[in-house]
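Both complexes below contain chain A, partnered by chain B and then by chain C.
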Partner chain A sequence: MIEIENLWYVYESGFTALKGVSIRISNGEYLAIMGKNGAGKTTLAKHLNGLLKPTRGYVLIDGMDTRDYSVAQLSRKVGYVFQNPDRFLFAESVEKELMFTLKNLGFSESEIPSLITRTLNDLNLSQFRNRSPFSLSGGERRRVALAAILCANPDYIVLDEPTVGQDFYEKERLAALLERLNKKDRRAVIVISHDVEFVADHIPRTITMSDGLIVSDGPTNKVLTNQLIIERSNLKLPQISELFTLLHEKNSHIPRDIVNIEQALEAFNKLTSSRKR
Partner chain B sequence: MSVFESFKYKRKDTFIHNLDPRTKLIMVIVLSAVSLMFFEIVPLLIILVINTILIAIAKSLREWYYTLKGLLYLLILVFVFNYFLVSPIFGIITVLRLLALASSFSVFFLTVHPDDLTQALIQMKIPFDYAFSLSLAIRFVPTIAQESQSIMDAQMSRGLELQKGSLIQKARNYLPILVPLIVNSIRRALQIAESLESRGFGAEEKRTYLYELKMRFSDYLVICLFLASFLLLLLDRYFLLQYLFS
Partner chain C sequence: MALIEVEHLFFRYSRSNHWILEDINLQISSGEFVLLLGTTGSGKTTLCRTFNGLIPHFHRGVYQGVVRVAGFEVDKTETPKLAKYIGYVFQNPENMLFSLNVEREIAFSLENLAYPKDTIIQRVDEVLSLLNIEHLRHKAPYELSGGEQQLVAIASVLALKPKIIIFDEPTANLDPLTADYVLRLIKRLNTVFGITIILVEHRLELVMPLASRVIVIDNGKIVMDGPPDEIINNQLFYAIGINVPKIASLFNILNKRYKLGLKPTLNIYSAANELEGVFNDRD
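So, the complex of A and B:
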């Protein structure tokens, strides 16, 4: 479990990025952190693997206070995937890229090859094993960067803006991968994003932030259909929610808190069956 | 990355900021030349005091302090080497000289906007291409400093520990930071080149300029002051008045 309690963070420049944030994230949870630029999302995320240490308050990762452990120690539990893969890749081959992470984090020589093989298979990268990461396309490099974190099997995975600059199919593949990590491998997945549609379609819990504070924290269909929260976070309603808001104004039997097609179908089924009776 | 703090221009309205860049160029050349001319404690201290006063007038003491803090390890290293290899007094003097030089350059870079520097060089008849490359280079120092910090964050998240191991190991630890930094810099250079060309860079032989720098009375005054003192010191050092500083 990750426990964040009354977290404050002040940058060296004097800018206060977090002003008392408290969040609890259980094992195996899947959540999104949203909010406008400068709201403090990335600052918050950097506290999860100890890249930043609290100015006030504390962050506990499975009971470990981040102030007492190095980034390397915390990275065995919390994998942080940065937005830009080019800040990341440096090795001669994809295989060595993964080996770098595993060796740093203290995995033994005997388990490294099988971990690499499994991760590359999972991410559909096996054919690139001996290729230079610099010779790959943008989307492939992004997957290598993801593989370089996932290979260490962290219990918590933090992804900073993973959908930026990706086409629809890449996004869908990413969503399927995250869902598998979450459902099958029971990993907690924390996604920082501006992508309302992506979050609405795939992520069950949403936290929104504004000016270093948490504005809302709850089920995605409650958070992303609340006009007030949406406006404060510089977001836009998901298209389907916009439609259901309009329908709700016409007929109050139709629910408003619908954020994806699945929920919409369910609502329709309920409405038609009650009509029949 | 605090070393770079003092090389980052900040817009302020002070006497020093409002001087012409050419005046400040003469200032920094005189100050650093004098720092290199003397190898005694008192003259170097005097230069340091003058620099401090100049930076104080420019209201930039805080930024300057950050540079010195960033230079601390280098200064200690230089001091220790000279202390043991040559003599204690040699160590002190070398450190003072380094401080004086660093401060002189701080005065310049803290108070001259990169664009003004380019314009000054052009008006000093330096070809536009060269002047422009220099100003681009200066412009990207803070960007690269910031980028190396985020690369460091990313690699630390993969368990990289920079301070681990022997001296050679420590140097090798920086490889995962240097490679992405260099690759990204080359990529960015190509992008900048393309964006420059698409905006018609070099299309006309003869450029016109929106702003032109003009020297004012205060500029001439400062230049005279600095050149006169420089001449005096030169005479003292190498020709006539050998007894003034000794």
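So, the complex of A and C:
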């Protein structure tokens, strides 16, 4: 479990990025942290693997206080995937990229090759094992950056704006991968994003932030259909929510807390079949 | 005469062995708002680069066919001359901004084209006021938010008074509200100032209602070209792997499953009216 308690963070410049944030994240959860640029999302995320240490309050990762552990120690628990993979990748081959992580985190020489093989297989990257990351496409480089984090088997995976600049297919592939990590491998997945449609489609719990504060924390279909929360968090309603808000105004039998197509079809089925009876 | 004319354009980059653009034929008239769609690697950005001369003057490769902008053949025209007619706003404004402050940034492109000092001062004032960013005048680019950077990038292109502006995923790094603001601004440049817009953008639910024409590129070829309302009634639109607006997608699924004959629309209010009818019919 991750326990964030009354977390404050003040940058050296004097800018207060977090103003008393408290969140609990259980093992195996899948959640989004949303809000406009500058709301404090990335500052919060960087506390999870100790890249930043609290100015006030604390962060516990499975009981480990991040103030007492190094980034390397925490990185075995929490993997942090940066927004821009190009700022992260540097090695001459995909394999060496993963090897670097594993050696740094203190994995033994004997277990490293099998961890690399498994991770590359999982992410469909085996054919690129000896290629330079920079000869790959943007989407592939993103997967390499992800592989370099996942190979250490962290229980918690934090992804910063993973959908930026991704097209439809790339987003769908990412969504399938995250779902597998979450459901099958039981990892907690924490996605920092302002992509309301992606969150509405795939992520069950949503926390929104504004000005270093938590605005709301709850099921995505409650949070992203609440006009007050949306406005305060500088977001927009997902398009399907906008549609169902209008439909609900016209006919109160039509539910309002619908955020994606799957839920819309379910609601349609329910309403039409109950009327046939 | 069309503002942009493309005839039998083929292009591939030097190290590539297949055509990125293959027999493109296209005319864009003054005042159009063109949304250019396609999956990653389809050739959209490459096509945009042929309009302002980045191809073939900067990115080298094998180039065949003709691209004319305001009557000038792009491959035979120097890029500074083209810059007076066509501007380009990139996805990452930080790659484009480099001056000490916003004012200098906007003045730079004008200085480059050797405008007289008075004109430069006047143009900088005009665009700052037009975009409501006078308060940013003395700020350094790194002090700006992503949205502000994008506005400054637009301002420095606008200062040249181009007839056409290409926007290549201008909102990719912006939060939804800021993205909405920038896209509406682009629409205003089109309607109020008559600037021809060519926009590459993934947020179709925001931008499709703004465009007058949608061009879909797949594997280097134009596969669809028409007004947005026509495009969303074409099944190919749903099959090609682009980010179809959710409402159009929902209508398409409902039509397929229940043979409802709903008319796909981009307008949320007519969508609600139509769908409410369906819910009520089943009462």
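The rule is short, and it goes like this: the second predicted complex is superposed on the first by the 277 of 277 C-alpha atoms of A that agree within 3 Å, B and C clash if a C-alpha of one lies under 4 Å from a C-alpha of the other, contacts with A are read in each partner's own complex, and residues count from 1 in each chain.
Assume a residue touches a chain if its C-beta (ideal position, glycine included) is under 8 Å from a C-beta of that chain, and two chains touch if they have at least 3 such contacts.
From a predicted model like this one, the values you see are computed outputs, not experimental measurements.
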Give one of first, second, both or neither to describe whether A:K236 is in contact with chain B, with chain C, with both, or with none.
second
Between chain B and chain C, whom does A:S137 touch in the aligned arrangement: first, second, both, or neither?
second
So, does A:K46 touch the first partner chain B, the second partner chain C, both, or neither?
first
Does chain C touch more residues of chain A than chain B does, or is it the other way round?
C
What is the contact status of A:H194 with respect to chain B (first) and chain C (second): first, second, both, or neither?
second
Taking the superposition as given, does A:A72 touch the first partner, chain B, the second, chain C, both, or neither?
first
Looking at A:L247, would you say it contacts chain B, chain C, both, or neither? Reply first, second, both or neither.
second
Which partner chains sit in contact with A:G165 here, chain B, chain C, both or neither? Use first/second/both/neither.
second
Would you tell me the residues on chain A in contact with chain B in one complex that are also in contact with chain C in the other?
none
Counting only contacts in the complex, chain C reaches chain A at residues 39-41, 91, 145-147, 169, 172-178, 180, 202, 205, 241-243, 245-247, 249-250, 253-254, 257, 268-269, 271-272, 275-276, 279-280, 282-283
For the complex, which residues does chain A have touching chain B?
46, 49, 51, 70-72, 75-76, 79-80, 82, 86-91, 100-101, 104-106, 134, 148-149, 152
Chain B residues within the chain A interface of the complex:
147, 150-151, 153-161, 175-176, 179-180, 183-184, 187
Under the stated contact criterion, what part of chain A meets chain C in this complex?
35-38, 137-139, 164-171, 194, 196-197, 234-236, 238-240, 242-243, 246-247, 250-251, 253-254, 260-261, 264-265, 268, 271-272, 275-276
